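Pasting a structure below so you can have a look.
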Amino acid sequence: MEMQHQSNQPGVQQPPLLEVRGITKRFDGVVALHQVNMHVNPGERVSLIGPNGSGKTTMFNCITGFYRPEEGQVLYKGKEITYKRPDKIVLQGITRTFQNVKIFPTLTVLDNLAVSIQQHQEENLLKRVFYTGGIKKFERKAVEISESLLELVGLVQMRNERAASLVYGQRKLLEFACALAPDPDLIMLDEPAAGVNTAMVDQMKRLILDVNKQGKTFLIVEHNMGVVMDISQRIIVLDYGEKIAEGKPAEIKQDPRVQEAYFGK
Amino acid sequence: MKKTLKVFVFLVVVMSLALAACAPAATPAPAEPTAAPQTQPTEATKEEMPPTAVPTEAPKDPIKIGLNLPLTGALAFLGEGYKMGIVLAIEELGGAIQGHPIELYDADNKGTPTDSVNAVRQLVDVNQVQVMIGGGASSATLASMPIILEGETPSVDGSSTNPTIYNQIGVGGNPWLFRIGTDDLIMGQGYSDYIADRVKSVSFVGDDNQFGRGAGQVYVPLLPRSGAEVLSEDYFDPGTADYRPALTKIKSTGADAVLIVMTDQSCATFMRQFREVGLTQQVFARGGCTTGLFNENTKDDPKIGEGIIEFSFFMSGSDPDFADRFFKRYNQQVTSHRFAGYYAMYHTVAPAIEAVLADGKELTPANIRDAIAALDVDTAVGKIKFDDHNQAYTKGSLTTNKDGKQVFLDEVELKPIDHTGF
Amino acid sequence: MNISKQSLRPFILPIVLLVIMALLPLFNQSGFTLNVLINVVRWLIFALAFDLVAGHIGSVSLGQPIFYGIGAYLTAYLAGKLGLGWLGCMLVSAFFMALLALLAGLAFFRIRHVTFAIGTLGAAIVTQLVANSAEKLTGGALCTTGVPRPQLLLPFMESAIKISKPIQFYYLFLPFLILTLVVYLAVTKSRIGRAFTAVREDEVRASAVGIYPLRYKLVAFALSGALIGALGSWQAQYVTVICPSDMAQDITTSLLIMVFVGGAGRLSGVIIGGVIFSILPPFLQAVGSKYFQPAYQQILYGLILVGVMLYMPDGLDGLASRILRRFRGIRKEGV
Amino acid sequence: MPFQLEIFINHLLNGLTLGALYSLVTLGLVLTFSVIGIVNFAHGDLFMVAGYTLFLLLNMSIELPYVVIVALVILLTAFYAVVIERLAIHPIIEKSWRTHAITTIGLSIILQNAALAIFSADPRTTPTSLSNTVISPLGIRISVQRLIILVVAALVFAGIQVFVKHTKLGKTMRAISQNREMCQVVGINTRKIALITFALGGAITGLAAALITPLFSVYNSMGSMLTIKSLAAIVMGGMGQVNGAIYASMLMGMIESFFGGYVSFAYKDVVSFGVFVLVLFIRPTGLFGKKVGL
Amino acid sequence: MENNDLILELDNIHSGYGEIEVLKDISLWAHRGQIVSILGANGAGKSTLLKTIFGIVQPTSGQVMYEGQDIGRVSTFEKLKRGIAYVPEGRSNFPAMTVQENLEMGAYSRSDKKQIQEDINNLCERFPILKLKRYTAAGNLSGGQQQMVEIAMGLMLKPRLMLIDEPTLGMAPILVTEVLNIIKEINASGTTILIVEQNAKRALEISDYAYVMELGKMRMQGSAEELGRNQEVIEAYLGER
C-alpha cells in the first residue's frame, strides 16, 4: 500500500503545525523525556515509535496538556500551549485517542460523538443555558456531523446503542470518530492498530489516509511496524526518553541505532 | 412503552402507600386498644370494670391520648421516661376514667422540629386524639405549637424548659399548650440566689443540648447578678465526652464551686471523672445528679455523688411514695422525666377529663382544654394550677446524695417571673 | 423542535407524578396527608438536587445539608429581622447558597471518591457544630424560633393571605417541585447533562474532548446548592423553627438512601426512591405504631434498606425495569 | 491566665489518653478499610454493642475477674464482626463503596435501634474496680483504668507493627492492600483474609470497648460520633495508612485537649474537624498518605 | 519431538470475561523441559490464555490437563502447590513491601518457614541484584529489576511449570537479553516454561516450540526454527518484509 499523497506534502518554508522544543519530563526523579525536540508539519503523517517506556505516551500527554513538562515548550500554530489545560488545547484544534481506548460507556454512540462536538460549538456557558434557539441549531448540526462520521467509520446501525455494548474494535472506531468530530487540525492517535484484527487494521489505515487526504495532520504512536511503514511519511524514534532518530520510513529501517534499540539487533 | 408501564407501576405504589397511610383519617379507626409495651390496661379494665359502673352499659367511647415524644435518637431516654410514667399513671387509674378506656398513641418526634411537626400531624389527624402529652425537647415543642394551635387539641408538656415558650402560650397566642414543668427562668432566679449565698465563684458545665445550653443562657447572666462570679462556661456532647480536659481547666480557674446542668445520661460519667481528677469543690446541679438512676449508675462507689446539691422540679424527694411505686412497677429508679410523665397523666390530664365528664360534657379536645385551664389540683409537689400563660407552678426541691441515696433537703416555692426579653 | 415520541419520553414520568401530586388532596385533605405530601415534595426536591451532584457528576457530597441549614438560618434573618417576603427569602437563599457552593466546590473538588464524601461530611459536621455553638447568630441548640410564615399577595388581591393551612403550603410548594423538575430535566437531558455524564465516567477522556471537568462539577454543585438553599428557606417558613439538627447526618443518610437505593443518576430512580423513602417512615409510624414501638419501626426500616442493597443490586428503579421487562416478555409471548 | 506547668502537663496527659482512646477505636476500622476497602459506617455501633456486652458480663450473677471479662468481650465482638461480615458485607464486597456505605448505614440503624429496644435508652455505666482506683504520680491524679488504656494502646500499636511487619498473616494483609490481583497469583484467598481482618478489627474494637466504657457510659446512639471521628482520622492519616490513622487520632485528641483547655470547649470539635477539612485542602492524600497499601 | 512427556495439555478451550468470549477453541501442548512461546498481536488473547491455564479466568468449556490430571476445577492455591507458577505482565509485585517480603509472599502457598528463608538466600546468591536490593521496597526498583523480582517470586515455588506473561515488555534490549537468559537458565534447571512475548524474534531465539495466536484463535504452531523461517510470521510479527 504505497500511497504517498504528494498533494499533502508540506511546502518547504511553511512553519510547522506543532513544534516541541526541548521537552523534559520527570516522574519522581526518573526522567521520562529528556530534551526532546520534534515538529509536525501541516498535512503530514508522522509516527512516533520506540520501545515501551521510551516516552511516547508521555510525549502525547505533554502535548495535550495532561502532563506539565519541567522544561521546554510546545507550540501549536506558532503559539505556545505548554501549560494550557487539556480542554483548552482540544478547543484549539488538537484531538487525541488513548492507548487503552476511552469512550463514555453509558452514553449512546451518537451522544459520544455529540459530546465531543458540543464544546466546540459555543464558548459561553451562560449562553448555553439561556440561548435555547441557538442550542437547537447547534444540536441539529451536531447530529448531522455525527451521522456523517458514523457513516465514515461504519457504525451507523449502532447509533442509539450504549457505547458499553460495542466490541473492542468498534470502540476503537468510535474513539477515532470522536477524535475527528470537532474538526481538528491535528489528530493524535495512540496505537490505533493495537489489539484489532487484520481487517480492522486495514480499515484503520484506510481511514487515516482518507482523512489525511482531506487535509488533517496525524501524529501516531504505533507498535505495528507494518502499519507504521505504510502510513508514515516521517518517523521519529524515541528511546529512554530521548530522540534517537528521525526520518523517512526507509531511512529509519536502516538506522543502526534504531536497529539496536527498537528492532533488536 | 416500557417507561409508561414503569410509570404505571410506580403510580400504583404511590397511591397505595399514600392512601394506606391516610386510611385511618379517611375512615375513623375502630376503637382498638393500643399495645402499650408494658401494659394492656384497656383489656384489663374491660374485665375488671368496677361494679359501680353500670354493668349493662355498652363499652364507652375511648379516651385517646397522644404521646408526642422523642422515642428514638439521642433524646430517646427522655421520651421513654415520660412513657413509663404515663403508663404507670394509667395503670393506677385502672386503665380507664369513669368507664372510658384510655388508649395511648405514640408519635416519635426524635426531638427535632421537623419530626415534631410530623408527629403532631399524625396524632391530630390520623389518630384523632383528644389530648396530647409531650414535646419533650423545647425545639420540638416550639415547632409543634402552630400545629397544636391549628389542630385545636390540648397538649400538656412537662420538660420544655425554654423560657421562649412562656411568652407564646396562653394569652401569648396559643391557648392549647400547657406546661406543668417550670422553665429555666422561673427556676433560675431562686437557685442563683441559693448558690450565691454559699459560694463566691462558679464554673459552669452543661450538656451540649437544648437542656444544658438553655440553662446556661439563664444561669451565666443570673449568677453574677446574685453575687457569684462565673469563671468558665463549657458544654459537652452527652455520653461519650471525656471531661478531663474541662476538669483540668476548672482546676486551673480555682472556682469555689461547680454548677453542672446534666441529665442522668452524663452526670454519672462527669462526677466519676470529677473525683478522678481530685476536685473537691462543692457541686451544684440541675438535671439528673441526685436521682435514683444516678445513684444506680454510681453504686460501685457512693462517694462519687456524695454531697451534690441539686435543684429540680418533679423530684422523688417530694413524693417518695411515687418513687417507691415506680420502683415496684419497673424495678428502675425515678428520674424527672418519668416523674413528669406520671404527673402530666395522673394529676393533669386525668382530673381534667374527670371534670369534663362530671359536668356531663362531651369529651372534645376543646372541653378538655377548658377543663385543664380551670384545674386546681393539690399534689405532693404543690398545686397544678395554670396562670394566664398556661404555666403551672409546682414546687421546686433541693436534694442531695448521702451514702448513695437521694436525700430531700428543702422545698422551694416557685413564683411567676417577668419573661420579657425572651 | 420536532416533537417525536422519543423527545417526549423523559417528560412522561414527571408530568404523571405532578398530576397525581396535584390531585391527591382532592381525595384526602387531612392535615396529616398534606403534611406527608409536603414531606414528599420536600424530599423529592432535596433528592433531585442531591442527585445532580451525586448521580450525574459522581461526587457523593455528604455535605448538602449545609446549604439547607444555612439557607434556613438566612431566611430566619431575612424574614424575621428584615421582613423580606417568602419568595424573596427563597431567591436570596438560593443565590447565596449557589455562591457558597461555588466556593466550597473550588476547595472540595480537589479531592475525589470516598475522600470527597468523608471530607464533605466533615464540613457538614463543622457547620452543624458552629450552628450549635454560635448562639448569638443561630440561637445555638435552642434554635432560631418564630420565623414568619409566608404571606401571599397576588395582583388581584386586596390584602395578603397569611399562609398557615397545610393545603395552602402544599399548593404554594408544588410549583417549586415543578421548577426543580424542569431544572433537573433541562440540565440532565441537554448537552450539559451529556457533559456531566462524560465528567462522571472519565475525567481524562472528558478533558480530551474539550470539557473542563471542574467547571461542570461547579455548575452541578452550584445548582444543587441553590435548590437546596431555597428548600431550606422554604422549610424554615413552614416549620418556623430552625435547629442545628436540621443539618444533621440523618438528612444525608435519607438522601443517600433515596438516591442510591432508588437509582442514582436516573430521574425515575430518584422519584421512586424519593417517594417511597419519604412515605415509608410516616407510614411505618402511623400504621405500624399500634403494633411496633418506634425502635422496631426503625429496625424494620434498616432491614428493608440492607435487604434492598443485598438483593436488588441495581436499585428499586432497576428492579422495576426488570419486572416490567418480564411482564412485557410474557405479554409478547401471549399475543 | 498565667502559664501553669502542672495544668499544661495535665492537658498533655489528657490529650494522650484521649488520643489513645480515639486511636484504639479507629484501629479496628482502619484495618478493615485498608485491607478490604470497606467504608464501615456501623463501626461505632459495633463498639456500642461491645460496650453492652461488657455491661452484661459485669452484671452477671457469677463474678468473673476483669481480665476474663475483657477476653470474653474481645472474643464475642470478633464473633459479632464475623457474623456481620458473613451476612451483610460478604455478598457486596465487590461492589462500589457507595453500596458498602448504604449497607453499613442500614446496619447501623438496625444495631442502634435493637440496642434501644433491648436495653432502653438509659445510659448504662460499666465501672470496674480499676476505674475508681486513682494514683497520683508527680501530683497528677489519674485512674488506673486510664493508665491501663494508655499502656494497652501503646502495646497494641507496637503489636500491630510487629504483626503487620513480621507475621505471615500481617504480611498477607499488607499484600492485599497493595495489590489485590497479585494476591490471587500467589494463592491468597482474599475472601478468607477479609473475614479474618473483620474478626481482627472486631477483636480490637472489643478490646477498646472493654477498656474504654468503664470510664464512660454505654447508650444506644453513642456509635455515630465515634464512626465519624474514626473516618476523619483515617482520611486525615492518609486513606488506609494504619500508622497515619493512629497519628491522626492522637492529633485529634491533642487538639481537643489543648484547644478545649486553653481556648473553648464549645468549639473543640469544630476545630478538630476543621483541621481535618483543612488537611484535605492542603494535602488531598492526607497527612501520611503514600501511594499504596498498608 | 524426542520428549513425549506432556506436562500441559489444553483441549478446545473457550474462555472470556462475562459475555465476551476471548479464547475460541484453543488447543495447546507443552512437553516437560521445553520453553514454549505464545506469539501474537495485542488483544489476540495470549494473556487470557495464561490466566485461563492458571485459573484466574474460568474456561467456559474445554479441558486443562496438567501432568495428566484435569486441573480445570482446582483452586489456584492448589495449582501453586502442584508446581505451577504464574508471573503476570506489568508491575505485578507488592510495591510497598521489600524484595525479601515479596519473595516471602511468592512462597505464600508453602509452609516450610526455614526452607523458604534458605531458598530466598539461594535466589539472592543466584541473582545479585536481589541481594543488593533485598531490603528495598519493590516499588522503588527500576522496571527491569521489578521484573526480576517477579520472576524470582515465581521461582520461590520451585515450579515444574512456569507461565510468564510478557517479561520483557518495554525493556531496554540489553535487559531483554538478561531476562531471557535467566529464563533460559531456569528452564535448564528443569522447569517447563510457557512464555507470552511480543518480542517475537527474541522469544523464538530461546524457545523450543511456539504458537501464534490471532483474535483468540490459534493461527499457527511449530518448532521455533520452523516458525522463524516462516515467511508469514516474519511479515506479521518480526517487523521485516
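A, B, C, D and E label the chains in the order they appear, each numbered from 1.
The rule we apply is simple: a contact is a pair of C-beta atoms (placed from the backbone, for glycine too) under 8 Å apart; a residue touches a chain by one contact, two chains touch by 3 or more.
These figures come from a predicted structure and were not determined experimentally.
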| item | value |
| --- | --- |
| Fewest touching-chain hops separating subunit A from subunit B | 2 |
| Required minimum of steps from subunit A to subunit C, each step between chains that touch | 1 |
| Label of the chain whose CA centroid is most distant from the centroid of subunit A | B |
| Centroid-based (C-alpha) most distant chain relative to subunit C | E |
| Contact-richer chain pair [D-E vs B-D] | B-D |
| For subunit B paired with subunit D, centre-to-centre distance based on mean C-alpha positions, whole Å | 35 |
| Distance between chain centroids, defined by C-alpha means - subunit C, subunit D (Å) | 33 |
| CA centroid of subunit C to CA centroid of subunit E, Å | 54 |
| Overlap residues in subunit E, where contacts from two or more other chains coincide | none |
| In subunit D, residues with contacts to at least two other chains | 113, 116, 266, 269 |
| Residues on subunit B engaged by subunit C in the complex (per definition of touch) | 1-7, 9-11, 13-15, 17-26, 32, 34-35, 37, 71-72, 76, 105-108, 111-114, 117-118, 121-122, 124-127, 138-139, 142-143, 146-147, 150-151, 162, 164, 208-210, 212-214, 217, 235 |
| Partner subunit A, residues of subunit C touching it in the complex | 1, 190-192, 194-195, 197-198, 201-202, 204-212, 215, 219 |
| Of all residues in subunit D, those that touch subunit C in their complex | 39, 88, 91-92, 95, 97-99, 101-103, 105-110, 112-114, 116-117, 224, 228, 231-232, 234-235, 239, 266-267, 269-270, 273-274, 276-277, 280-281, 284, 286 |
| Contacting residues of subunit A [partner subunit C, same complex] | 64-66, 85-88, 90-91, 95-96, 98, 102-107, 111, 114-116, 118-120, 125, 128-129, 135-136, 138-139, 178, 181-182 |
| Touching residues (chain side subunit C, partner subunit B) in the complex | 9, 12-13, 16-17, 20, 24, 27-28, 30-33, 35-37, 39, 132-133, 135, 140-143, 145, 149, 164-166, 235, 238-243, 245-246, 248, 268, 271-272, 275-276, 279-280, 282-283, 285-287, 289-291, 293-295, 297-298, 320-321, 323-325, 327-328 |
